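In what comes next, chain A is part of two complexes: it sits with chain B in the first one and with chain C in the second one.
After this line comes the complex of A and B, so read on.
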């Protein structure tokens, strides 16, 4: 049973969540979905499947920009 | 796709460092739009984990399925850690730095970077910590190359045998236990006996030798490291030296890594064909820090509670000190590890380990130290396995018999109390031995160049000191060297140039010494029969 965590800046609509759950079940089998809301993310969504994460949040991208800018200085 | 290499250390700048960088930032603020163009955003899949437990500097993290052993991980952007233990369902991460602020549930992510440190020529003259970050309050060091901390030592075919001398400036060492470039020579002795002094004295002597010096301070007091830096600055030695510091209040992981960081910096210069000297002060504390980490990681312990691979800890460090052949740049790294013994016990676990790895040891004895012999080098028990292969011919010529003479002297020393009751021959050996011994005494911060050492030892072994009073040998030496520099600088230059003593040079030297002795009757003993 795989645990999938969804972190978003604002609440995701139940319809979208259901569609996501369906697609995920198709790929991973039985899953446990945990949808969290964290305003610090500003926008976008972060998906954590087991120990892999895809960060598509605005906060995440801003952090990348900060890192790379500082590296250039 | 893993995150590309970034100097993430910059995101943790303290206000002090930011102030040091202010002028540069102000200049670049107008260039921001063009800098932004260079930023590439990735949407790759990251490998993450979660902090499950934390105790005593070791974080247990779940997830992180594909983390590599020895990889740097980022704990929620707050701290770096080292993934040292890869277990079936968790990863043991040793936190670098103090662990305050880490919470259970924090995300731990991979950086894709196996332990490495950014080095460039700008690191010379700086004081850095185990991760290569400057701690002397100056500007950050822009990295030219990232050198890995763990590396396989150069193979047999890449090496060349040691034949170039490393002049320490200390008579006792350069004459009888000579060190070559690319050798590993252990400095071993009890506490407060002059081990660090020998290391620092050697660094001070490298000002005209084209050798870069790296001094690694492991587990020392911060005051000591500050003092060391001050001494090196006063003697302009920081122009060719680097200090890597992991003091007693730094975490065990940082103390464990410091020698490898110093070595990585040395290898940067080795790759450029330079000669490097690296001093590890000291490896006893290094082994203790490693023991601490291993016990916290629940690794099985062996003798004296050290982990089973404590030998490998030091052997892989010291094997990377080598001399490379021409095809690989011709550079060399000479290592002077320091080990502190307890009550002169060199047969304890760590000392015996390191003795078997190095190419010789300089053994410092407490008895000699207390008797006033400084440096307290025990010539009998010290050895250099490279020996005269790394000695200049001139030095070989004068110091050739010195070790034997001193050995004979030591045997007869027990009779020194009865010196009035001895036969003439024994008395002469004792007198000669005392004077040669006295010549070996030296101030730690007064290194002598090769030619100065040669002329002083020449005088001692050829009997020109036999008539001098025993207690004025130090003054004799000083006055003699002043005399040689003022009146016979050409002789000294010739020795430095030719690096050997031709017959006519020997004649000139004999005349110079005799003349000096005649000029200073106040230092000579009054003969019993006649009045001088």
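After this line comes the complex of A and C, so read on.
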């Protein structure tokens, strides 16, 4: 069973969570979904699948943009 | 009419004396004058022939010199033309080379300026992003905007998973 952790600044709406779970199940089969709230975050969501972390938070995205721009200099 | 021998003899002697005087006094000086004149004419003719020969030689030399001069002039002209063509080619090559160098320099300058402008604009953009990030990091999104962002984030995460 694949464990997927979702970390967001506010609680994810059940409808959104159900749609994600459905899509993830279709991809990985049976999954264990753990939705956590971190109020220190600005917004967006961070998805952790096994050892892989996909940062879709506002801070993460800004950091990515900043790194990309700095790399081009 | 009787033939008188003494008279004939007298006439004969008389004629001989007149002839001798004529020969001595007239023929010889005239002959001398004629000889001298003939000699002068011959000398003059020889001089004329000599002058004519010299003239021919001078004409031949003149023609030869003229041809040589013409040949030399043609050669000089040809060499001058060659030199001019060579110089022209050299000048054209130098001008071309100079132009290419100028063009290359201009392109390099343009590239450097472009690069510098790009770097400056990127730097400004980064500074702007960093500044905006700093402003955003200190705030919180409202719930609706956050849910929308979460939805998009999950869709994107599903693609990357």
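Everything that follows uses one rule, which is that the second predicted complex is superposed on the first by the 60 of 73 C-alpha atoms of A that agree within 3 Å, B and C clash if a C-alpha of one lies under 4 Å from a C-alpha of the other, contacts with A are read in each partner's own complex, and residues count from 1 in each chain.
The working rule: contacts are C-beta pairs under 8 Å (C-beta built on N, C-alpha and C of every residue); 3 or more make two chains touch, one makes a residue touch a chain.
Source: prediction; values computed, not measured.
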Query raised in the report: So, does A:54 touch the first partner chain B, the second partner chain C, both, or neither?
Result: both
Per the contact definition in the header, classify A:10: touching chain B only (first), chain C only (second), both, or neither. second
With the two structures laid over each other on chain A, which partner does A:43 touch: chain B (first), chain C (second), both, or neither? second
- Quick one: classify A:70 as touching chain B (first), chain C (second), both or neither. both
Chosen between chain B and chain C, the partner touching more chain A residues is C
### Message
Just checking: does A:22 make contact with chain B only, chain C only, both, or neither of them? Give me first, second, both or neither.
### Response
neither
Chain B and chain C footprints on chain A meet at residues 52, 54, 56, 63, 65-66, 69-70, 72-73
So, in the complex, the side of chain A touching chain C is made of residues 6, 8-10, 12-13, 16, 19-20, 23-24, 27-28, 42-45, 47, 49, 52, 54, 56-59, 62-63, 65-66, 69-70, 72-73
Interface with chain A, chain B side, in the complex: residues 3, 6-8, 10-11, 21, 24-25, 28, 32, 35-36, 38-49, 62-65, 77, 107, 109
Contacts from chain A onto chain B in the complex sit at residues 48, 50-56, 61, 63-73
Per the touch rule above, chain C residues touching chain A in the complex are 119, 122-123, 125-126, 129-130, 133, 136-137, 139-141, 143, 145-147, 149-154, 156-158, 160-161
